[in-house]
Amino acid sequence: MSNMAKIFDAAEVAKHNSPNDCWVVLYGDVWDVSEFLPSHPGGSKIILKLAGRDATEEYDPIHPPGTLEENLKPSAKLGELDPSTVSKPSPDAAQKEQKEGPPNMQSLLNLDEIEEVATKQVSQKCWAYYYSAADDLFSKSFNNLVYRQVLLRPRVFVDCTKCDTSTTLLGHEVGIPLYVSPAAMARLAHPAGERGIAQGISQFGALQVVSNNASMTPEQIVEGSLPGQIFGWQLYVQKDRSKSEAMLARINKMSDKYKFIVLTLDAPVPGKREHDERNQNVGASLPVSSGVKTADEPKRPGGGGVGQQLFFGTAADLTWKSTLQWLAKHTTLPIVLKGLQTHEDAYLAAQYAPQVKAIILSNHGGRALDTAPPAVHTLLEIRKYCPEVFSRIEVWVDGGIKRGTDVVKALCLGAKAVGVGRAALFGLGAGGVEGVERTFEILKAETETCMRLLGAEKVSDLSLKHINTRAVERDIYDGHAGLEKLGLWVKANL
Amino acid sequence: MSNMAKIFDAAEVAKHNSPNDCWVVLYGDVWDVSEFLPSHPGGSKIILKLAGRDATEEYDPIHPPGTLEENLKPSAKLGELDPSTVSKPSPDAAQKEQKEGPPNMQSLLNLDEIEEVATKQVSQKCWAYYYSAADDLFSKSFNNLVYRQVLLRPRVFVDCTKCDTSTTLLGHEVGIPLYVSPAAMARLAHPAGERGIAQGISQFGALQVVSNNASMTPEQIVEGSLPGQIFGWQLYVQKDRSKSEAMLARINKMSDKYKFIVLTLDAPVPGKREHDERNQNVGASLPVSSGVKTADEPKRPGGGGVGQQLFFGTAADLTWKSTLQWLAKHTTLPIVLKGLQTHEDAYLAAQYAPQVKAIILSNHGGRALDTAPPAVHTLLEIRKYCPEVFSRIEVWVDGGIKRGTDVVKALCLGAKAVGVGRAALFGLGAGGVEGVERTFEILKAETETCMRLLGAEKVSDLSLKHINTRAVERDIYDGHAGLEKLGLWVKANL
Amino acid sequence: MSNMAKIFDAAEVAKHNSPNDCWVVLYGDVWDVSEFLPSHPGGSKIILKLAGRDATEEYDPIHPPGTLEENLKPSAKLGELDPSTVSKPSPDAAQKEQKEGPPNMQSLLNLDEIEEVATKQVSQKCWAYYYSAADDLFSKSFNNLVYRQVLLRPRVFVDCTKCDTSTTLLGHEVGIPLYVSPAAMARLAHPAGERGIAQGISQFGALQVVSNNASMTPEQIVEGSLPGQIFGWQLYVQKDRSKSEAMLARINKMSDKYKFIVLTLDAPVPGKREHDERNQNVGASLPVSSGVKTADEPKRPGGGGVGQQLFFGTAADLTWKSTLQWLAKHTTLPIVLKGLQTHEDAYLAAQYAPQVKAIILSNHGGRALDTAPPAVHTLLEIRKYCPEVFSRIEVWVDGGIKRGTDVVKALCLGAKAVGVGRAALFGLGAGGVEGVERTFEILKAETETCMRLLGAEKVSDLSLKHINTRAVERDIYDGHAGLEKLGLWVKANL
Amino acid sequence: MSNMAKIFDAAEVAKHNSPNDCWVVLYGDVWDVSEFLPSHPGGSKIILKLAGRDATEEYDPIHPPGTLEENLKPSAKLGELDPSTVSKPSPDAAQKEQKEGPPNMQSLLNLDEIEEVATKQVSQKCWAYYYSAADDLFSKSFNNLVYRQVLLRPRVFVDCTKCDTSTTLLGHEVGIPLYVSPAAMARLAHPAGERGIAQGISQFGALQVVSNNASMTPEQIVEGSLPGQIFGWQLYVQKDRSKSEAMLARINKMSDKYKFIVLTLDAPVPGKREHDERNQNVGASLPVSSGVKTADEPKRPGGGGVGQQLFFGTAADLTWKSTLQWLAKHTTLPIVLKGLQTHEDAYLAAQYAPQVKAIILSNHGGRALDTAPPAVHTLLEIRKYCPEVFSRIEVWVDGGIKRGTDVVKALCLGAKAVGVGRAALFGLGAGGVEGVERTFEILKAETETCMRLLGAEKVSDLSLKHINTRAVERDIYDGHAGLEKLGLWVKANL
């Protein structure tokens, strides 16, 4: 802005480390963030930890370009940091940091191995954010285990020379019924970020739902994607509706790429993700200026994780009619409702067709409410109580997918598409674009092998006849039929 | 008593270490307890272990003030110990004892972490008493596991901006449907004792049931509590009814604080708690005068734990009519019956309304009878066989609560209040008043998150529709319907 | 026999170590066992391992007195061994052998702890024989686990001041409904042997069934027992019926002590107990004369365990009519049939009352056929299909009992008596008579605590109402009702 | 061929290591395989790894004699290698390779112990091929676990002196209802190969199905077999039908030995066996000429395992009518269809009697499709939906057999024969012919013990009455009966 930026040295910046006088360095510039502190989505504490220091390394991978400019006044930029005044970390420390690179992606045989590699490649903070789930991680692991409870029923003497995984989703042709679930902040895992995911999946014809909290702009992510490559955009409605409306307007303009809006409903308030929170506490033990006083923030038990920061500003007051009507005013893109977990809500959603074109059965990867049901339960509930839903809207699912057999089982149960969230991020973390590619290569190959061995040539051939879900059926909600009162039983037994 | 107390030196006291001539030092005074020995609730053995020595450290945390005076004649006090004659432990030993203090309570994210910290902070004896449960700890762990078997059913598109955990219990407004179960001897865990628990929960508006075996007097415990803070008093009816009557009279006088009586029924005789017993055996290897002869006590297999001592004198002959009539004569406070474990007994209790205003479904934290059913089973039994109970009396539950989701599930099943016993004690042990506060802060926050994610604004919104209990329903008692005889089946197969 | 016994030195004896020329030393005497070799119940191999050496240590604890004389001709005794010619084991080796003695029995709190102590006290061979069970030990562990699947239903407000475990068995008053199952060779565990068990249980008024393969004579075992102490004698019918008839005649003469005959049916051929067999193979690596040639025995896979040896000579051709008629000719004592595992056989047995007075539901402690059902299953089967059996004969059970709650659950299910086999042997191994006493002291105390907490004063008060067996009921045999054919189902789905 | 073979030295051969110029040494001869590369069943990569080197050690154990001549032109043989020009491995390396020999087979007591020994005896590559199964090995382990879920029902008072395991299969007398499943490449485990298996089982009268991918010719395998010893030949139909027709013609000529054709249907495409694939990747790190360029092969995720190589050329277009009609033209031997996993296919197969004489319920040892059902499920499905199948054709099963009790349970469920695949190979690997013998000796003895203890004298005595399959019955496919729609349920609950 100014012709001659003022130059600060590091010692000077370091003095401004209190709530009322808080400076940070970002990309070489010195910013006064004192005024901004109380409105930071992640709370003031997380900035104060970095007060008086260069915060670029922590800031960059979780904020898309433009964030600074959107949130700070030009006058808050005070000048530039003199890099020569910054003390360097000792070479020993630097060397310690150097990690061994990842192995050849082709040597990884399944998604667990890819996660294992990613766990070693990404930062502890990144791992904690991706790995974490609510409370005791029961739903996270049950999401996957429930697929093991479903047995396959292979048919013999069926010609399986050909195998075609293509299908249509929301009327668009796709190469495989897979989509990338909206997962925030891909640049935490790898500089290629969300665009890297788009590149990695491009050859497979899978969909990608871009997170409301992506670490790149929606424009950056679709840049360079293949013709016909399809994206959806995830909407967390903001308390300040005008912010959401502005974003919708931006997305509407890219309707050649963004073909639908995913409205997320399963996390109106953040779940309790202790791995994520704990990791931020670890951060607290970093050398911070001892003079820092904590602002008088309301206590938040388990409050400092990356996940909680992202929820800041999200509206908790959505309702069927009002929200969908408001949405209709701001976009003509089809709506996909994400996070349904009961047949009752699936039934209700179907009443809102055709505005609502699909629902995603999801418990947010087990990250919202622990012991929430896996999508397989909800699929079976719908089958039992309101199967007409399947003919009125598309039903997608995510959560717990690790194998091609999982994909096929979901399809047999009636799902039109199957999402992977952590798997895409771990693929990215393990090997960037190539890691994402390998993840989808494995899933596609496993899906094809499974279809062939079942005796199914096309996705539409898959049906309930190909699976035995009896072990799951006995666990799904049945309106407490088992508690039906038994007449005069009790008095007879006293 | 006397103007000039006689002064004894330690060597002299040490000689009186046999059943017929047994002295101990308490708070600096020398007492002759030879006559009292046979009537000690914990048996004579436990005193004989300390015969001829200063027993204050062992005595103090488990006896409320006034106990000595109530049980010993004034003449038993022989004089004072000359402290200079006591040999000091070596500085090495003292140093070894010094424990690292607890971490910042705010860094603890869940109840398991608090228990972990408490386990390190409290004495081995204290830990064993709190941790222990009957036999193989099956019921103790099942109490918790059964909540994992219940799945939640979150509804979407429900406005969850507001969340209110307040409710009424026995007609009183409370901030949260939680109560502290009557748990004995809090001073074993921390000097703040039961009053510390009262302080820790005061801001949350939770109830506290004071144990019959508290380590402080009922008067001490409520001292300084907030206006409107509500207590109940637990009654173990004594064989010598006049003792219980005296206590009831004392409680009646504090009816501004003590609003109800909890009559405990699930432990008419003590359960077998091996961790607790084993710990006392460990004590036996302490350096005791080898000249001690054991009094001719009847052998009690597994007899020496703290738990067993507390039961001494408890009446085992209670019955519905006689006991409740007797109680009615001695208090007008509402009665809460604790320890019901079958729908039959719940049904019977409801016949005694309005004297009986509530029941607590409890298996005594798994401490009484191993493989006794968890409260969730009994709730479902009542739902199945006599749901009218819920409208006639309040049904409270305890046992196994570790998460806000557990609290919410119990409420959905029809419980009006949910108790935590060990959790409060471990909170106290981990960090005193602040530890209790953190425990309830976590439980309240988790409860609110769960309510919000289910789409429930008020406690009264929670219902069976929010949970899937099918995996539990198939395990509850059904009067052995599965054994219904199948006609002439057998002869046909011989 | 001879006035002047011939004296052999060890080197001379050592030469006779082949199948056709096989000497062993027993109790100082030198015997020529070449002729006896082919008829040894345990096979010739086990003797050949000891050929040319002193076999007393191996022989003694598993053969009751009189065995030598019954099986060898007088002329086979060649003379005496000159003890001075035997090389002593080095003092080092001797010292290594010396084990630490057992702890005070009163410090052991449950049956698992007693087994743990016994495991350290007894020889590896003894442990392997007692511990072992068929194949993969599935039934052995399921025997116990199935009791954990049964939940108790404690009733409140029941006067439990008194508790009486006494009952009647086969018309005799007993102090507790427990019996010692017939378990072979107690002297392997402790020199006190089967008589030690009799002494250990005498004060509790429990029954003892003496094994057909006891390591003491039936006369020795009952010697010194209390007036009113009751024994049964276990019969494995021998191929050579006259041997069994002789034993029955011997038992008939002691009808003041032996009040019934237990005919064992669940092991007409030995099960495959690999721990036991493996242990014998270990023995094979002991230093044996390399010149020994193995006799041409038929190969027996898994053939050399103690268990297998005991079965030698047992008849496998028993049938309902013929065997019971034969027995009626040789004893008027009531018959108890042991080893029934189906309701069909229980039903049949009841047709043979009053000769048959009781049945024992048993899978031989899991030692005969792996994956055979536990007694709890069979009890429930009888309840379901032919409950009239309970009124015609007594039903006893054994297998898997570790806790007083297990005892009570069996009684609630209709069992009249509950047996412990390994528990008695491990008690003996842990501490001789005192160890057995402690075992029963614990079981009795646990049983009483359980009865009291259930609200049952007498054994006859216990009933199905006190237990929830639903989790087991769904697993018991139901005649494959789940396979009922569903009409034209299949063709519609092809 | 030529009178004077040209002599090459190793250095010269080593230069020919690229896709377009690829030589290998086999049995001392130098071959130019450049032309053959693209048509190698295992892909070109596996040969290129060995390009320029002696490949005999890798080639030999997986190719039967005659393979070279069938696939390469005579002109491809260039000459001989001068052995003196080959550098020897250092003696250290050689010594490291030397393994301790196996223990005495008679000391091994069960199939798990034999597998453990084999695991140490065979090469890593061999172990990986035998051990591997699809994906997460769920079906592999469930195949076995499901037998543990079946309980036995022993009957008493049944004469079990005699026990006869003989039966008839496809009209032929056999000594035991066991067969060796077609398992490829036995010479990987032991030089005795498939003929060694034939020798090992000869005395038991078991059947052997010879793998289509055997490492010996069908002629070699039956050479020296006992009169009356019966073999089947497994057919994987080749894309190039003429190859299969030629093989059938060869088998037809040996109809004194080969009595039936087993058409394998459960693996029309290879499953994903990661242990196997990973092992081949390990091989990739062997010292290979760095100049090797990989041919432009299509990427195969998880593509290089032994299993995948074997599938090359297998037809995936089989159908009921066309394939069976084609087969009828080329052989009159009875057909056994292997790999059926649903009652629907069993029902269909029965329509093709008498050409089809038996079916094998099999999920390919869990190697094809993970979470495919175990044979026990399919047996129960047939029992439930189309029991008439059992009377029209023979039903055989394989997968998961480890114990005689498993064999007996399968027979009780209606199986006529029970197959073991890995067990035979591990027997061979553990101890050659003797190891196979020991494997079958154990299985036979365990089977007899089980029959005797159940009270069954003959195979035909075994029936559903001897087993309790309730725990399995509730898991088998039931056409999703649990999802039956419940009227207007849903609307009432919104």
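We call the chains A, B, C and D, going by the order they appear; numbering starts again at 1 in every chain.
Definition applied: a contact is a pair of C-beta atoms (placed from the backbone, for glycine too) under 8 Å apart; a residue touches a chain by one contact, two chains touch by 3 or more.
Computed from a predicted structure; not experimentally measured.
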item	value
For chain A and chain D, chains touching each	none
Interface numbering overlap (same over half, different under half) for chain B and chain C	different
Magnitude of the superposing rotation for chain A and chain B (Cα, nearest 5°)	90
Chain centre separation (chain B, chain C; CA means) in Å	44
Whole-Å gap between the CA centroids of chain A and chain C	62
Chain D residues counted as touching two or more neighbouring chains	344, 348, 474, 493
Chain D to chain A touching residues, read off their complex	135-136, 138, 265-272, 274, 277-278, 281, 299-302, 316-320, 323, 337, 339-342, 344-345, 348, 363, 368-373, 377, 474-478, 480, 482-486, 489-490, 493-494
Contact footprint of chain B on chain C as seen in their complex	106-107, 109-110, 147-148, 150-161, 343-344, 347-348, 380, 383-387, 403, 405, 438, 441-442, 445-446, 449-450, 452-454, 464, 468-471, 473-474, 479
